[in-house]
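Input: one structure, supplied below.
Going in written order, the chains are labelled A, B and C, and every chain counts its residues from 1.
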Amino acid sequence: MHIRGGKTILSLMDVSFEVKKGEFLGLTGPSGIGKSSLLKCIYRTYVPTSGDIWYTDSMGDRVNLVTANEHEILRLRKYEIGYISQFLHVIPRVSAMDVITGALVEKGFDRKESEERAKEYLSRVGIPTSLWEMFPSTFSGGEKQRLNIIHAIISKPRMLLLDEPTASLDPNTKNEVVSLILELKKEGTAMIGVFHDHDTMIRLADKQYDLKLEKTKELCV
Amino acid sequence: MIEELIPKAEKFNYNFAFIDEGAKKEIRRKLLKAIAIPGHQVPFASRELPIARGWGTGGLQVTMAVIGPEDTLKIIDQGCDGSVNAINLRKLMVKTTGVKTTFDTTQATVIQTRHRIPEIPLKEGQVLVFQVPLPEPLRHVEPSEVETRRMHAESDYGLMWVTLYEDIANWGSISIGAGYPCKVNGHYIMSPSPIPKWDNYKLNQAECLYLFGAGREKRIYAIPPYTDVEPLQFEDKPFSVERFDGLYCIRCGATDSFLDEIYDEETGEKYHVCSDTGYCDWRMENKDE
Amino acid sequence: MNNINMDHGCVLQVRNLSKKFGRGCPHCEKLTGPEFGSNVCPKCNSVVALHHVSFDLYQGEILGVVGESGSGKSSLVQCLYFDQQATSGEGYLSYYNDGEENIFQLPQSKKRYIRNHLMGMVYQNPLLGLRLGFTSGGNIAEKLLTADIYHYETIRERGKELLTRTEIPEYYMDEKPKRFSGGMQQRVQIAKALANNPPILLLDEVTTGLDVSVQAKVLDLIKCLQQELNISMLVVSHDLGVIRLLTNRTMVLKNGRIVERGLTDQILEDPQHNYTQLLVHSML
């Protein structure tokens, strides 16, 4: 639940679920029910009104993402929790290559190594070499979206939050993105995602949580 | 002018050394403060004198305040005992005090100077009084007096250093000739009145007392004996003095003194003489022996 | 001396920083603030520019300060850089005496030491941070010389390095910034602020007044510097776009008080305070 402009909008009530290491939870429900809000609450972009979100970090400590202090959240965001939003916010006039490299350098990777890895990922999602030194603001919607995805997954977070990552992609690119995500999942990343198309979710998710029914359902992969 | 004034002075019974005892007391008090804080400029109430501002009124007042009947006085102008300025000041001092005067640096107890330090090292007990035109070394980088005082108080000398940096960046070396700024006792940056760089080293760990008086700017400062005085310099661009390679004094043959360039009026030929006439004379006398 | 325990990783801790312009009266604090929509005391006309501002700045983070004109943003950085004398409050710097002394109560000479050795400042107006009569190299040299580096070649080398960093061609080193464009002056100012490797950099509306393409370059530079040098920065801006791109955490200042603080994306997407909501919703 959160408040905007004096009006109280009830968006989520009594949501409970669990995600294990290497597990993918898909969130479902009609639009406007608060799927994205839920992801944002986990990422602390939204401040939950009540409840707890327990996260076990790489040190094995349990952290409540609702009450943890800002620096704890920033640390987790930097090293452990990734978030793929629907929009990419980058400094204008920075090349795609630098955006992706920057995501790694920020986390303490060596610049050269980062550049190598950035090249690998950029070519895997099919962004043509000619665009690498271009500014993302000149990209098409699909290219921006792919950039956004690799920006989040290149540093291999322990937990990944995905908000409609494949929304504007053609089938081929979608396949490549799905395989990238599956690869990451195999390495043990826990994931929570919102998808608009059921097919992609079936391909990725191990179980789904229906926000309307407030129920978790196992999916067969 | 002075000739007219002096008889009147005697007639109307002017005080010893022209200025009144109250004024001397004030100047001596300021001198004590200046000596206690080496390199710090102390404001003082500069008096009117029978010479114009800018002609050595600051140095003169300091000399008048410290001189006693037993002293031996030497007054030089650019190292010269015989220039117009030196002669007139000397006359005024003699007529108002009756002290002995000398051209010999070693014999003098009080030496008033304009823009030079004698070549013969000064000893304990001697006082060198400088006539200072511009006491504020920071003036050309910061026009505000309030600001320069704050900068001195906080040792905020970045700006001063930048001018040195810019000099090297633009001209390859520091272009300041006379009045090269130096740091006194590790704190204040001081303008040593426009003495040539040649004389800067004589300020460091000197045996004598240096007093500086700026009459127009109404400031007194001092370097007590045995005080560290370092010219500002970059670690890799050491301070260097004027060089007179291959040159010598045409009169006494000295190669170790600061030389003035002189042109022969008739032939236009260039030659050099000691700037310090007392030193030149001393060498001539010793040569004869 | 009141010694506050500083968290690990905290480089600057500010507690109850207040700044008042004018003679002040006992009612100043009670009659000003966001609830009155003003920071001018109705009884004595004093301006309460800052009242009880507290925050922690952590190693390598960029902390944003956002607010409209007159909210006290500039007073805040100016108090921290000692351009203004704080009226009251405490500040502890981990780099200065292990954070044991209140920096606002130090004598001028020690404040100057902190300014020269531990902080860098970039003003909105390059005229304030640069000496236009000196060359760009000289401006950088000034910062190094005040930090007691007196080796000419070292200064030259560092100057070249910084100008390259800030993408200013080397041949501009011995040119006076008077003739530079606004964006270039701003970059020289950043180079100067960085000269002595300060652990803390204060940036006051650095991109305001620059055209968009230059603005982008300056923002990119700041971000890169933070990533590579791990400098802690305080970024003051009225532009939420700048705040979004640069900062991790943000404080919202209104009439000299902090009305809200939090993670930047949370402030922008889920603002809690009425004023912040207004601010966010008026974003272009």
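Convention: a residue touches a chain if its C-beta (ideal position, glycine included) is under 8 Å from a C-beta of that chain, and two chains touch if they have at least 3 such contacts.
Computed from a predicted model, the values in this text were never measured in an experiment.
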Report task. Please indicate the chain closest to the centre of the assembly, with centres calculated from CA atoms only. Result -> C
Query raised in the report: Measuring centre to centre, with centres taken as mean CA positions, what chain is farthest from chain A?
Result: B
Report summary line: Chain-centre distance (mean CA atoms) for chain A and chain B, in whole Å, is 77
Report task. For chain B and chain C, let me know how many angstrom lie between their CA-based centres, rounded off. Result -> 47
Query raised in the report: If you average the Cα atoms of chain A and of chain C to get two centres, how far apart are those centres in Å?
Result: 33
Report summary line: Check: chain A positions touching at least 2 other chains come out as none
Query raised in the report: How about chain A: which of its residues touch chain C in the complex?
Result: 2-6, 40, 43-47, 70-71, 73-74, 89-94, 102, 105-106
Query - Touching residues on chain C, where the partner in the complex is chain B - result: 108-109, 112, 116, 131, 134-135, 137-139, 141-143, 145-146, 150-156, 174
Query raised in the report: Can you list the residues on chain B that touch chain C in the complex?
Result: 150, 153-159, 161-162, 165-166, 168-170, 233-237
Report task. Going by the contact rule at the top, pick out the chain C residues touching chain A in the complex. Result -> 9, 58, 61, 212-213, 216-217, 219-220, 223-224, 227-228, 244-245, 248-249, 262-263, 265-266, 269-270, 272, 274, 277, 281
